[in-house]
Amino acid sequence: MTKISDFLFKGSTQLRVRYGETDQMGYCYYGNYAQYFEVGRVEALRSIGVSYKNLESQGVMLPVSEYSVKYFLPALYDDELTITTYVTKLEGARLYFDYEIHNESDKLLAKANTTLVFVKKSNMRPTSPPDSFKELLSKL
Amino acid sequence: MTKISDFLFKGSTQLRVRYGETDQMGYCYYGNYAQYFEVGRVEALRSIGVSYKNLESQGVMLPVSEYSVKYFLPALYDDELTITTYVTKLEGARLYFDYEIHNESDKLLAKANTTLVFVKKSNMRPTSPPDSFKELLSKL
Amino acid sequence: MTKISDFLFKGSTQLRVRYGETDQMGYCYYGNYAQYFEVGRVEALRSIGVSYKNLESQGVMLPVSEYSVKYFLPALYDDELTITTYVTKLEGARLYFDYEIHNESDKLLAKANTTLVFVKKSNMRPTSPPDSFKELLSKL
Amino acid sequence: MTKISDFLFKGSTQLRVRYGETDQMGYCYYGNYAQYFEVGRVEALRSIGVSYKNLESQGVMLPVSEYSVKYFLPALYDDELTITTYVTKLEGARLYFDYEIHNESDKLLAKANTTLVFVKKSNMRPTSPPDSFKELLSKL
């Protein structure tokens, strides 16, 4: 039997490295990639009709509980980056993402993964994802 | 009659320029000074017994409505900066701050001022400062 | 005689407020606008054929010497902002910019201006802008 | 034979969560911890007499090649955090760090590790650490 898919869905988005995101090494600072991955997952969710903003206004938040990244080549000022985001698994309250960042020459700059946890805003405790979200996933 | 004082109170605090705060020019990025001034005013308030954190938990916030800064000399990586904060005036809901940043050689790197507005968290509208704050100021 | 124009050229660009750019007030942090204005001016320059990245690789930098901003209404998470940038004046080594930020409902959120200085990378001293830049401006 | 030590040396430093480092969740944004770990390692190095700034001015840089973090409890605005940094291993050009962040109540908020690579500034290629650095380590 062959593996059909490694992920539930994926999305792709572009952004440019801002001047203030570089450091004196002339690289994009290693800490700024976390924002890029956040942009990546928000846009991936939007691409299947999920607004993270609306999730929060419905009383559910998605904080990050684990984050891991490998940097292969530096992202440089004004580089137009492509962030590819794979939503790989939903397991209880946990949602898993993989990411890749490529530059305009299609070089792989970084790979990362994060674990996010659905949390109820009212008590800050893990909760299962909204039914609407599970339905969306089931229809992909 | 001589002018006694240009400010209600002042405070002074130190911080070091972090690597991630530099840019590829080798300077501290111009946008990062806003955080330094925020640290400056929070510590100035703390020095007279006011916790900004507590203000917020009492339902009052202090967003910035105006901010102006002149950069004379660049702050560099690992520089230990001194932020001097002058609380210059309370006028209705508005609180005015002036700032200076010096480096270890006592060179003036930047001057700035901000206007902050006391805002009620519940309706996001301007409000007069808490009585406890006004009392503190009157005793200085 | 009527005034023909208040600016040399203008440009307009969009960006979304990132989650990491908000603060616990639920607003976009006041310090993050500086990056938005930087994006605004870089894209305005690009729109007339000037790459700030290339300027730097030719040995010329454009640090900010003055920056002033008024915040009228908060930018919120996921807001798609329009940054309008006006290049208002070139005077010696100084280049002046005005900015406006509007949200999707076309509300004016903030106005700002900055002064930037052409600086020679080799000695960090003010210098006149490259001839190619002056030519571009003269042809607008 | 018993294991004497899991690390070459460790250092500890304090910092306060800044307002601009929180997000609308009311937590310190997950991306900002990278700066805290950087402060941790720079101060750990300083504690054994190594100035990262001087390393760079001698033509050696230390970019991060891998970074991994687990978030257990949120860091909140104005929390005074203790960053404990363990330099665990030097292997060729690679230097390994572990980190822990505790708040004032001594709760463990986060654990992380990074791999950094000594790189020659002139050609951006991995290089062995300066002899002075290896000597310092050998004397610990």
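By letter and in written order, the chains are A, B, C and D; residue numbering begins at 1 in each of them.
Keep this in mind: contacts are C-beta pairs under 8 Å (C-beta built on N, C-alpha and C of every residue); 3 or more make two chains touch, one makes a residue touch a chain.
If you're wondering where the values come from, they're calculated on a predicted model, not measured in any experiment.
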Centroid-based (C-alpha) most distant chain relative to chain B: A
Comparison of A-D and B-D (more C-beta pairs in contact): A-D
Chain C and chain D, separation of their C-alpha mean positions in angstrom: 35
Distance from chain D to chain B - Cα centre to Cα centre, in angstrom: 29
Between chain A and chain D, centroid-to-centroid distance (C-alpha), Å: 25
Where chain C touches two or more other chains, by residue: 19-20, 24-25, 29-32, 34-35, 38, 77
Chain D-touching residues of chain A, taken from the complex the two chains share: 24-25, 27, 29-35, 38, 56, 61, 63-71, 74
Of chain B, residues touching chain D in the complex: 16, 18-21, 34-35, 38-39, 42, 51-53, 77-78
In the complex with chain B, residue positions of chain A that touch it: 19-20, 22-26, 29-32, 77
